[in-house]
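Have a look at the structure below, then the notes.
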Amino acid sequence: MADSSRETAPAKTGAGTPKAGTGTAKVQAGTPQAGAGTSVPDGRARAWARDALRWDTVVGALLVVLLLCSFSFVDNFGNALNLSFLIGNTLPIAMIALPMTMLVVSGEIDLSVGSTAGLAGAVMGKLWNQGMSIETIIPLCILLGVVCGLVNGLLVTRLGLPSLAVTIGTLAAYRGIAQIVLGSNSVTDFPQQYLNFASDRLGGTFVPQAALPWVVLLVVAAVVLHATPVGRSLFAVGASQEAARFAGIRVKRMKLSMFVATGTVSALTGVFWALHYASARYDNATGLELSVIAGVLLGGIDFDGGKGTLGGAVAGVFLLGALQNVMSLVNVSAQSQTVVTGVLLVISVLAPRVARQAGRARARRKASAAPPPGALPATG
Amino acid sequence: MTDPEPERTPVLALEGVSKSFGAVRALRDVSLQLYAGEAHALAGENGAGKSTLIKALAGVHRPDSGTVLLDGAPVVFHGPADARDAGVAVIYQEPTLFPDLSVAENIFVGRQPRRSFGRVDHRAVKEATAALFARLGVDLDPEQPARGLSIADQQLVEIAKALSFDARVLIMDEPTAALTGSEVARLFGVVRALREGGAAVLFISHRLEEVFALCQRVTTLRDGGLIASEPVDGLTEDDLVRRMVGRDLDELYPKQDAEVGDVALSVRRLTREGVFTDVSFDVHRGEIVGLAGLVGAGRSEVARAVFGVDRWDAGEVHLDGRPLKPGAPSLAMAAGLALVPEDRRAQGLVMDMSIERNINLTGLRTTARAGLMDRGAERSRAVDWAVRLQVKYARLADLVGTLSGGNQQKVVLAKWLATGPRVLIVDEPTRGIDVGTKAEVHRLLSQLAADGLAVLMISSDLPEILGMADRVLVMHEGRLTAEIAREDATEESVMAAATGRGRSAA
Amino acid sequence: LTVAACGGTTKKSTDDAANSSGPKSSASANPSAATKKGLTVAYLPKQVNNPYFTISDTGGKKAVEALGEKYKEVGTSSGTDTAGQVSYVNTLTQQQVSAIAVSAQDPGALCTALNQARKNGVKVVTYDSDTNASCRDLFVSQASSEDLGRTEVQLMAKQIGNKGQIAILSAAQTATNQNTWIGFMKDELKKPEYKDIQLVKVAYGNDDAQTSFQQTQGLLQQYPNLKGIISPTTVGIKAAAQYLSGSRYKGKVQLTGLGTPNDMRAYVNNGTVQAFELWDPAKLGALAGYAAVALASGQITGASGQTFTAGDLGSFTVGQDSVVVLGKPTVFDKSNIGQFNF
Amino acid sequence: MTMTAEQPTPATAPEAPSTTGVLDRVLKVRELAIAVVLVVMLTATQLDNSAFLSQQGIKDLLLNATILVLVAVGQAVVVITRNVDLSVGSVLGISAFAAGDLLHGGGNPVLAVVVAVAVGAAFGVVNGLLVSLGQVPALVVTLGTLYIIRGLDSIWIGSRQITAADLPSGFTSFGHDGIGVVPYLALLTAVVLVAAAYYLRSYRSGRDMYALGSSPEAARLAGVPVRKRILAAYVTCGALAGLAGALYLARFGNVDSGTGNGYELTVVSAVVVGGVAFTGGSGSLYGAALGALLLTSINSVLPSIGVSSVWVQAIDGVLLLLAIAVDRVVALRVAGLLRKRAAQTRSAHHG
């Protein structure tokens, strides 16, 4: 039923407007559906059906199906080593996806994440070469991430520049600074216990040690986004900045802090990257932003802001990661993998739309067959 | 119920039209005939289905069943363009302008006058616009971008656009809701001329006196169903209200006398360059102060500045004796100030969020427990206020954008009243609200004032100001020109100050 | 995490530990062992679909299949996707191939993954672009870096008559092999016979046609008296040649470096370029294949001094640091370019 | 009754030339700011290095800009409709190869250009249909087609490449020759630019693109054929990317499966620097072209004043930030000025 209402909202026509793609995800997870004024007989069932059809749920389901199929049919997939590879290689994307989701929900975007990670790695290598202790370097690098995020955030909130443009600028600038800092060097001799932390697994399991901090971050982000006033405000800011401002929400501060969070986590990722691959170079994590964005988009986060769930984003990221892993194992070439990624992205926006249209057609048929009960929504 | 005049075919008609949105049946088997040379009013409460009916006529919605008849023959409009080509011009309830285009281009989009090789004649576009504005008595620059126009100016542009069609059928959904008397008078002059020239007019307004002033026939809807379609002659306002609401009208301006207490809001020499200058006034507890003025006088701007959404350049604002920081709505809210903004779609509501979320947007801190949202508290806060303001909704989880215009306005009120403010600024609080509910809103405001709330009420509806305000402030050209006590406030005295003539003592 | 290190972990405190990592093959070689059958040799070039690597990997395919083994090629479609290359190493480890022939995008980043592969019994040969010596069993070098660096200077010197300003147009600043070659070029230029040649600038075109174009333009504008450009990268030399051939500098400014005959044919024929050099990439790939099979069959372990036969390429001896050198590069000019097709 | 009061004597047809003049100037200022930056930058470089604006230098500057200008113009058309096409780099690559493949077999150069444009337009149709019929977010769809076209491109091309030797010499010399200092490619680009800009300004369908970018909802209600226009925008963008592909082939004489990789970010930067708003409805093609010219010129300026390539990327980024920041500050100033002007004229009218 929410579906058919969409037909009339004219704002949904232009492709660039708040869109249908993720429209069904807009009622946040778990909102109790049955209403006080409800006289709709099967409200609960429909609400459940609608929830099940939400794109983020679908992506989650797809991920589960993919994993199950791979366990049974793909050689070498299910063993601990491969799973740890899978998780380890997806981890940098999954890390940045957390703050990126929140930033995108608030209506902005940060393309400079890969460069920030690269810069953090480069600075880390440079300072390490100069003999500073790693325990000092890592906090410094994370601080650097804070600064990078601040620069993005201030340019966007204070000057009112579009974040897409600003972060394309800093995408180049941060990478350039990394190049100036580290030049052609590549630093590989980080202390062994740190390298081990970044690549070892937890006991005998397939879970990389580094996944633990990520899980902590995930929980924090999920709670903040979906269960706190801050999260509520983020959705409001993303859906209508002006209305949020009139509701007393500190829009600029909100956005600024999301940029800072993104910068910080990106720097953290940069540090992890350098340790995980045991190599700090200025071009570390090049192009990471596209992977993050592809995953987040696949998870149903709307780039116009105001819509999406963290679970969807994480599922999207891991779906892409797992798919790549499986395709490599079954010897699908890199080119074909690229095509599959693209097709998946297109489907991710087309499928909900097609499903909705089908649902609407069905509803119309039903409506013409049996006229609905005359009961009107009670007044108040 | 209806008695179609056999000798004439309606220019445009609906026959047995129904339209549902999910479980909401917005129109049920409604018929309507528009005749050339006749102005037809459409009356009904908020959510009765008026706008939906108009959209069915205009090809925006495809009816679930029933037909649209053009000159007696059934037609199917596949989109607004089809209706337009058939000579139907529509002013929708919410202005839909292109913010980046100039006012002139807004009016002529898709049908600009052309020169050789099909090129657009920019000059002719501009001149035609200027001529239209002259006819309407509107003072706008045709080349000005539409971005930043006040709601009233936007509405005027929409009117100019509709007039520019020289349409056979002119449909207007609450065109006057944001206008003051003088613009309305101008508009009616033009519409009468069109009607006499043979156009059919369909007009919606919640200001019943306008219905009586302009229209010959009136059709009333209730809950999506047709109640009556009859000549206006011989009807009284009370009759009409009874048809709409199904009962007798409560007193429209139930102003209670309240004890006037201490100064709650004090504004001193407030100035925002180029917008308003040297504005000073006080609002006391228990008092409703009306702020009147012509469209564009800068009333909304003062309210926005006081609340902190805009910065002010000079002056100060005190709330309960404590100074407010400029440009900080969150602090103003914390201090007990609430602002019901004039543009509900852009400022008042997040259209893509549910009713519940919208109402709770102002109470995120109060409904949270230990930093986490308390779903139960959120829900009961929303239900409580939605019920008190008689919002008509299917489920609280529905998008607020699916509500009718008047019900959206109620949600905005609910959202702010729920904060339990000490000073309430309402900017056009009853714009687009039906008479029955208007009385409710007035009673509520009056009650709140009686309980010690200080209310500043901005309104372009002069009777509302006169009926509700203890004191009337009048603005003209960004300055306060008069302060009139309730006893002395009359249409004449207020209009005199609003047009800048009688600079009576402040 | 940091509890252990009160004074902090610094570079010096870990220096000693760092060098000993990586599983050293302790098994001894048996030069007369039979070549095992049913081996799989996986090629992991820097970038798939890169014409250069396609030639060399095709050479590898022929060699591997001639020995009756299985050949496969995987890789990323971007030449700078180190993480992607790592995950391919991981995948190959999973698939238990016998040997990997890899051209490393990054000397350090692959180490963890490659060592993991070696722990799982996979032999690792690097070709074209090496990793750190501790992460692979053998490096098959296209030509000795020294040879390449010095001969390019010699080619250039001949073309400009031992006199004038020259510049270098390299690939990315991080390209290890480029940097090594440039080091030898600078060293060669110190010789007395080149005293009249000044190296004015090293520019980086990032192996991108447009950037290399603009860097070439910049060199010519900044140094109006420039006599020659050395570009030790196939992309760079191609872009520079295209720019020169369409500008007023054609024939006046000399260009040499590393290029493939097919890329450069038009420019040699129209007089933009006199001579340049390259090894035969197909032979490089083939040698990597033979080496990989020899390693997997236990004929060699990668220790210096061991010898193996590489089909009709002849017999090769492992040198210092487990490096095998293909041989001297070929110089291409108008007289011989017609005979080559790669 | 509320309609009794006297009317506030509205001025008939407020023909206010001062406001109009200011507005006119403002609209031009946006491009002017970039033009000024460009001129200052080029002059300064010339002072530092007199070889910079030599005949060859000017020719190079123009040649460097042509391909980016073409793609940026197409992109600007799409962005004006409040959409985006991220797949332009992939489209450029695949159409360049298509043209090259044709010439490789000894085809006709004109036909090759036509084929490239057609291939580009075909992908434009795909993007346009997906975006307009599916009514789905352009960013996601075109990120998807970016991957898809790139993948198809590399599957089709494999490791093949087109080199200068495969091309007719007339075609490659078309890539660098010209009339005086003005290369043919630049002339062609200029013609396309002027035609496209004139079309957007002076035809109803062109104005529709601005309208629907400004407010899709209002456009629908105004009867603008939204889908058709969006489709047209994408086809234009694709066709121009295809044309750019053909010119790329002529200019660089070399195409493989990596051609055009990552080009989308450069194009988007050019459009943004040129003052075309991502929220749709505003900006001009000339602005986008100037933005492209500015970006490519920076990359010519830096090497020729001897800045090490190590610094280039950082400087690029900072300059991009500066350009949009300056543009924004100017726009804010002008808006403030307008506000005061408007207030003044208003009081003058009523006064």
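Here the chain labels run A, B, C and D in written order, and each chain numbers its own residues starting at 1.
Simple rule for what comes next: a residue touches a chain if its C-beta (ideal position, glycine included) is under 8 Å from a C-beta of that chain, and two chains touch if they have at least 3 such contacts.
The UniProt protein names, listed by chain, are A = Autoinducer 2 import system permease protein LsrD; B = Monosaccharide ABC transporter ATP-binding protein, CUT2 family; D = Autoinducer 2 import system permease protein LsrC.
For clarity, every value in this text was computed on a predicted model and none was experimentally measured.
Asks: Provide the labels of all chains in contact with chain C and in contact with chain D.
Replies: Chains in contact with chain C as well as chain D: A.
Asks: Approximately how many whole Å separate the CA-defined centres of chain A and chain C?
Replies: Each chain's C-alpha centroid was found; their separation is 38 Å.
Asks: Centroid of chain B to centroid of chain C, CA atoms only: how many Å?
Replies: The computed centroid separation for chain B versus chain C comes out at 73 Å.
Asks: How many angstrom between the C-alpha centroids of chain D and chain B?
Replies: Taking the mean C-alpha position of each chain, the two centres sit 41 Å apart.
Asks: Just curious, how far off is chain D from chain A if you go by their C-alpha centres, in Å?
Replies: Inter-chain centre distance comes to 30 Å.
Asks: Among all residues of chain A, which ones touch two or more of the remaining chains?
Replies: Where chain A meets two or more other chains at a single residue, that happens at 10-11, 179, 183, 287, 333-335, 338.
Asks: Which chain B residues touch at least two other chains?
Replies: 60, 96
Asks: Would you give the residues of chain C that are in contact with at least 2 other chains, written as numbers and ranges?
Replies: Within chain C, residues 48-49, 77-78, 173 contact more than one other chain.
Asks: State which pairs of chains touch, listing all of them.
Replies: A-B, A-C, A-D, B-D, C-D
Asks: So in the complex, the part of chain C that touches chain A is made up of which residues?
Replies: Touch residues, chain C against chain A: 1-2, 4-5, 7-15, 17-18, 21, 48-49, 72, 74-78, 80-84, 86-88, 90-91, 93-96, 106-112, 132, 172-176, 179.
Asks: Using the touch rule from the top, collect the residues of chain B that touch chain D in their complex.
Replies: 60, 79-82, 84-85, 90, 92, 96-101, 105, 109-112, 114, 118-120, 122, 130-131, 133-134, 137-141, 143-144, 180-182, 184-186, 188, 207, 209-210, 213, 273-275, 294, 296, 461-463, 477-478, 491-492, 495, 499-500
Asks: Considering the complex alone, what residue numbers of chain D touch chain B?
Replies: Chain D reaches chain B through residues 1-8, 10-16, 19-20, 23, 201-204, 207-208, 210-211, 213-215, 217-225, 277, 280-282, 339-340, 342-347, 349-350.
Asks: Which residues of chain A touch chain C in the complex?
Replies: Within the complex, chain A contacts chain C at residues 75-76, 79, 81-82, 85, 89, 92, 128-129, 131-136, 179, 183-184, 186-195, 197, 199, 273, 276-279, 281-287, 324-325, 328-329, 331, 333-335, 338.
Asks: Taking the touch rule as given, give the residues of chain A at its contact with chain D in the complex, in rising order.
Replies: 10-17, 19-21, 111, 155, 159-162, 164-166, 168-177, 179-180, 183, 287, 290, 293-294, 297, 302-304, 333-346, 348-350, 353
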